[in-house]
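Right after this note come the structures.
Presented sequentially are two complexes of chain A, the first with chain B as partner and the second with chain C.
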Partner chain A sequence: MIAGRPPAERYTGSSVRRTEDLRLLTGRGRYVADIQVPGLLHCAFNRSPHAHARVLRVQTDVARRAPGVVAVFDGWQMAKLASAAGGMMELMGETNLPSFSLLATDKVRLVGDPVAMVVAETRAIAEDAAELIEVEYEELPAVMTAAQARDGSLPPIFEDLGSNVLFGPDQKVFGEVDRVFAEADRIVKARIAQHRHQNVPMEGRAILATFDQATGELVAHAATQGVNTSRQIIAAQLGMPLEKVRVLAFDIGGSFGLKFGASREEVACCAASRELLRPVRWIEDRLENLTVSGQAREESFDVEAAVTNEGEILGMRVEMVIDSGAYPGFAPGIISTIQEMIPGPYRMRALSFTASGVITNKATYVAYRGPWASETFVRERLIDLVAAELGLDPFEVRLRNLAERGQPPLRMVTGPSLAGLTAKESLLRMGEIFNFEEFRRHQAAMRAQGRYLGVGVATYIEPAPGPRPETPPTELEWARASLGEDGVVSVFTAQMPHGQSHQTTMAQIAADQFGVDFEQVRVVVGDTDQVPEGFGTGGSRFASMAGGAALHVSRQLRSQVLELAAQILDVSPATIDIRAGEVVGDGVPDGRLPLSELVKLARAAAAEGRIPQGTETSLEASFGFDGGQGGWSGGTHCCVVEVDPETGRVRVDRYMVVEDCGEVINPAVVEGQIRGGVAQGIGAVLLERSAYDEWGQYLSSSFMDYLLPTTTDVPNIEIEHLQTIPLDQDVNFRGVGEGGMIVAPPTICNAIADAIAPSGAVVLEQHLPPTRILELMGIIPQPA
Partner chain B sequence: MIPITLTVNGQLREGSVEGRVTLADFLRERLGLTGTHLGCEHGVCGACTVLLDGEPARSCLVLAVQAQDKEVTTVEGLSGSEPLSALQRAMRDNFSFQCGFCTPGFLIQAWALLKENPRPTEEEVRHALSGNLCRCTGYQSIVAGVLAASTRAPLESQQEGSL
Partner chain C sequence: MGEQAPARPGRYSPGLPRLVPGTYAAVVLKLPPFVYLAPASLEEALSLHADHEDESRVLAGGQSLIPLLALRLARPEYLVDLSRIGELEGISEEDGAVCIGAMTSELALEHSHLIAERLPLLPQALSFIGHPAIRSRGTLGGSLAHGDPAAELPAVALVLGAQLVAESRDRGRRTIAARDFFLGPFTTALQGDEILTEIRIPWQAPGTGSCFHEVARRLGDFAMVGVAAVARVEQGMIRSCRVALTGVADRAVLRTDGELGLTGESAGSFDAAARRLAEELNPPADLHGSAPYRRHLVRTLVPRVLERACQAAAAGAIS
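Up next is the complex of A and B:
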């Protein structure tokens, strides 16, 4: 036996059942709304009915006097308690930030903007009292489109920025763009729109803040993707030292990018607790969630592709405008990823990318599962437009343009390495799984009967984390591990699972690497007093970054424990091993020593000074992982749809996935992530849109107006995993949470475009509800 | 305040409530049964579904006073004295859920379906669950879990007495 080498992997790679389920299936989960504490107060917000207005007067007297109301804060009062500066965007390094407050003072900037906060003995009393607040407004014209924001005719939403243009146009050029456009046989041009839609986790935002006067510490139970990030923002905005803020998170009802940091309402809730010296909770309701929690992905693209008559795509020119909504959000931060990823796994030689961002009176732009996804949508739709223009099959155009592993170019035109790329294999495999030729015959036969069937394909790669760049990332993902006197290995991570089953998958890795049963690993999350530094869950970071950290820290702890055991037992570390929670091997008394016994012996030996200097006795290890050699996630999706020309309804008949997410930790968990992402993509195309009218009234503020896909909208999704190309000696797990949502929308849109092409329809947008389908098909008139 | 008496998960419970208190709030806040979740409070998402005299009902749309003298079963009552009922075990085996927030509603709805139709087809399962929203899974795993439960012992023999 060789010390340091892990035993055969028993758990990694198999569908180990989730530890989370025992509590979640029995109603014993612990979401923020479930926490019961004595003396709890509840809050509710008075919110703006206008998209853009000056606040002239906020009358809170009547609300304040209502029985059961403990306090009412208007914007100015709240501004004395906490600031909106130091929020998520500042943390992310954004600089061009306007000044504003947690609750509106001088202005409101979107429908639902919080104006005043009521704290009361019950939620019902708080909500009633919020309606007793009278606010006088002077309405201002709402800025609702990028064109309005850019033409400068409407007043700036933030006076201190002076303009509704947030940034740009900023151009970046890769390769010889003019040259490839001069060489091209044709230039295919299109304006492609990506519509606004949103995360909609089943649980909205939520926080329970308790300020302890005796210790001066604020404890917040939050629904957050990262407790450390929430803590930093709460501390900064309340003006408290970091060590006086503790953030806890238990079960979280989904997020998909929404619940990062601490929002204005959440910080206001913390401020109220500190001011009132009582615990205060805010549970966002669905109206608030749909209206103001945040929305994503409103972008437009003017694209040109330089192509040859054989279908080779030489390069692209892209001009993008992103609608950031009202308050500072994720829009500026996502541009660089969209720009970098837009060539995808294709060989194109040149790219000009120009981006600008605008501010409008809509909800703030937030991250939503694959926040940069519009690059894949635009490219994959454009490839189908190129195919149509040249009379080629879209599958064939992809095949001709996909980069091949080991063949030049070895890098995307934007820089990242294409090492380990399996995109071409994924497309070719899809061609084996689905018989395109047979489908084309069937499609033609059906068309002759008046039926509209279509097939769509899209291929993508996702930096999850991507092959190791020349300058490795400076932000490491940390894991800490310890062996307790109960013989349990605890792994501490800053990742904050909210549906991804991290407590299961991380335990699988640690159990294998350390040499204990799965049940003998505890994964500790959601407590700033316990977890290591790190921003939390997002960017498909878990599998490779946190999974890798868990792998290495477990190995390190194992080596330390074996070293220590060897000292105590006076044997060579090379002759002993850890298996199934016991130290085994030559020289071990009775041949086996349970870890809990070893811990006792080690403590005694250390106390008696029997452990030589230089041997680690803490039974704790810490590891910061830089991602190793990394690698791409990616694959090809394909779907078959039928469009009903009477109703415009689209039915997804078949959906297939060929994907590579590296070494799979838990197949059932991975497939759940893929299916969930695809379902959100189906929703994005067929159902979901965050709609405003021209005055900025929000039109999708209930589940009757904002439609989520149901059991009858999402088909069974067939998944095949490709054999991955390992790039790292140890860690080849890759992130998989976002891919489904990145590539499903273009896959479905391409299928719909294929189905309705005989009507002459050209699809240049992502949202295709029945009315829009009928408009595109010329069955009902287009809107004026 | 209005006095009410009802049976919840087999136990007689009494309380007095304002007329406007929903059954969901009564269960969660007065009885501490926080397994029933509130996802929309306007009757669409189905997370708050409970059995009311054996029929699935949205507890956010029912007033507590309307449950007077009725029998209510919540997710906490599905497994009786076992750690998990056969339905819950099948859902676990099929990785049916992710974040767990919609879970109570799906379990109750599926329970009601299997009581009425112990051997549903996939289409029948999808139809029966079409009024419940899940944002995480894409539903395939949930449908698979219900179908797997239906091929096991019938619900009656699994957990008699827990309803």
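Up next is the complex of A and C:
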């Protein structure tokens, strides 16, 4: 038994039952709305009914006098308490940011923009009083399309930016674009639209802020993907020293990218608590959540592919426009990833990528599960268009273009190494699972009976965390571990689980590496006083980065503990080991010493000065992981649909996944993540759209209009895990949270496009509700 | 009344907050303030409703009214809850008609043997309304009084020739034929002080067949287009038929065999009639379906539903 070598893995790789299940499935989770605090006040916002207007007057006195109302803040009053500067986008390094305030002062910029805040003894009183506020507006024309934003005919939404163009067009060229286009046999062109849709977590945004006058400290219970990030923003916007702000988070009812940092309403809530010296809570309601919390993915792409008659894709020209919505959001930050990832796992030699961004009077662009996903959608749709143009099978075109694994590894034309790539294996395996030839025969037979069946395939890779060392991590991911006198190993992480089962998977890793039972590991999250630095959960960062940090820190702590035990027991570290929570081996009294006993002995020995110099006596370790050798997640999805030409409805008959997310920590958790992502992909294509009318009124503001997939819309999803290619000596777990949602939309669209191709339909958009399907099939007229 | 609706779990839990009758309900989250009244008898309810005529709304299952209040699209000053009035619930038979108390839940109707036997169209249509949880609270009277232009039950009431009984404190009882009841979107013939108390629906006669079908975005959503049909077939010929549609106009729409040009036609060629019907309607457009889409659904659904109704009639069954 050699100290430092991990014992056989008992937990990693198996579907250990989730620690979270008992509390979450029995309704005992603790969300911001569940927290009880004496003297709690509640708030509600008066919000703009206009998409774009000047605010002339805000009259709050009637509301202020309503029984039970404690305070009302208009934009100017709130601006004295806290600033909107120093928000998430500044934190992410964005420049070219307009100035605005937490609550509207001069202008409102979207329907639902917060104008005034009522703080009252109950939420009901606050809501009733918010209606008593009278606001006088001077309406301005709403900027609702990228074309309107770019042609300069409408007033700028932010005066200080001077125009509604946020950035661009910025062009970046990789490889010899003109040359491959000159060499090409054909050029396939398309304008492809990615529609606006949104995160829709079960729990909306939420915060409970308590300012403590005695200590000058503000404690915020928040629904957030990262407590440290929320803390930074709250401190900056309230003008408080970082150490005076503590952010806590318990259970979080989903987020999918929405809950990063602290939003304007949430910061206003903190400011109100500091001003009123009472705890203040805001729970976003569904109307607010759908209307103003943020929306994602409104992009359009003009693409050209240079192809040979054999189906080889030589290069692409891409021009994209991203609609950033009203307030500064994630749009500018995501461009570089879309640009880098658009070649995907394919061998293309050249790419020209031009991007621009516009500001409109719609909800702010936020990250949504696989925020850069439109690169996969555009590329995978385009490949099918190329196949159609050349009369080839889309499966075949993919196969001809997928990069091989080589030594040295091939690189994407945009730079990253394709080391460890298994995209081709995933496609080939899909070809074994699903008999395409047989399906084509069946499809033709059904077609002869008037039925429209289709199959769709899409292949993708995701940098989760991506190859090393070319893409150094934005920051190290830290984990801290300690052994307590109860013999429990605590692992502290800045990751903030909101549906990903981190408390289970991290404990699996730590239990194996340290040598204790799974139940003997406690994963501590959600407290800025306890967790290490780190921005939180996002970008499929957990598995490699935090999982790796947990692996290394547990090993380090294990060596420390063994060395200490050896000193105390006066044996060689090489003869002892930690197994099932006990120190075992030659020289250990009775052959076994529970860890809790060891901690007591160590404390006593240290107190008596019996531990020699140089021994690491701390029962605590810390490790910052850079991602090791990194690697790709990815795979191929395939689905079969039937389109009903009488109703335009689509039925997903079969959905298959072949995926590689590295070494699987917990298959049940991985499969759950994939299924959830695919369900959201089905929603995106068939049901979900964030729609506005031309005046900027939001049309999808309830669940009658924003339709989410339910169990009856999601088929059984068959999943197969591919044998991964390990790149790192220790850590080969890779992120899997986003992939399902990245690749499901093109998979489903490709299947629908295949099904309705006999009618002459060409699919150049992602959202395909029944009306649109019948329009594309030429069965009903298109709108003028 | 004869057959009693199965007892429902406490109407107030979960979902609706527990209100104290007569209190000013500013304590209720989301809803605008109102005075909550919970009479124990119809007489008392009629009187309270009449006292506050224009400012009062009756509350049945709340599945439509509560969301309207929560979105503050309705702001009654008084809410008269009918749920404690036992006499408004139940299913019985009288003179060849089924008599249904207005407060009978959609779920109770769906599971009633009497309804299955006498009005087989009704459970078929009910199964398309929302989900069981919603149907367990939603009531027949509530759905008809609400008059949603995309709801299923108004179409069923029209196609089956229902008679709706309305009562008021000052003018007593009157009976309104379904044909005269639905006046426009969310607008019915009920006066401000009236309460719908009973719905009488003539038995589906032996020898007739019926069918309901609809297309919605998801299972349980309001219909983009829904079609109800009742037909009597003799020797392969249509003797009589009625078709009602929902989702295609500002209210449910009824067409009889004469209007459809189907009298004496052979039971099987409905395409032309469906096309004519689709052309003459001017269906609305919304996020879920364009006007041409809804028109297309009329063209495809009407023949399907009529065929099944005729098959049922021919099979001698009345289902």
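Here is the rule we go by: the second predicted complex is superposed on the first by the 779 of 784 C-alpha atoms of A that agree within 3 Å, B and C clash if a C-alpha of one lies under 4 Å from a C-alpha of the other, contacts with A are read in each partner's own complex, and residues count from 1 in each chain.
Definition applied: a contact is a pair of C-beta atoms (placed from the backbone, for glycine too) under 8 Å apart; a residue touches a chain by one contact, two chains touch by 3 or more.
All of these numbers come straight from a predicted model, not from anything done at the bench.
Contacts of A:710 after superposition on the shared chain: both chain B and chain C are touched. Of the two partner chains, neither chain B nor chain C is touched by A:574.
Between chain B and chain C, the partner in contact with more residues of chain A is B. After overlaying the two complexes on the shared chain, residue contacts for A:446 are found with neither chain B nor chain C. Of the two partner chains, chain B and chain C are each touched by A:124. By the touch criterion defined above, A:285 lies against chain B and chain C together after alignment on the C-alpha atoms of chain A. In the superposition on chain A, contact is made by A:699 with chain C only, not with chain B.
Contacts of A:33 after superposition on the shared chain: chain B is touched, whereas chain C is not. Touch criterion not met for A:605: it reaches neither chain B nor chain C. Applying the stated contact rule after C-alpha superposition, one finds that A:79 touches neither chain B nor chain C.
Once the two complexes are overlaid on chain A, the chain A residues touched by chain B in the first and by chain C in the second are 124, 285, 702, 704, 710, 712. Across the interface of their complex, chain A is touched by residues 18, 20-21, 28, 32-42, 44-45, 47, 74-76, 78-79, 83-84, 88, 91-95, 97-104, 107, 125-127, 129-143 of chain B. Residues 122-125, 127-128, 131, 285, 287, 646-649, 687, 689, 691, 699-700, 702, 704-705, 707, 709-710, 712-713, 769-771, 774-775, 779-781, 783 of chain A are the ones that touch chain C when the two sit in their complex. The part of chain C that touches chain A in the complex is made up of residues 26-30, 32-33, 71-72, 215, 217-222, 224, 287-290, 292-293, 295-297, 300.
Every residue of chain A that touches chain B in the complex is listed here, in rising order: 15, 17-18, 20-29, 31, 33-34, 36, 124, 200-203, 251-254, 256, 285-286, 498-501, 668-669, 672, 675-680, 702-704, 708, 710-712, 714, 716-717.
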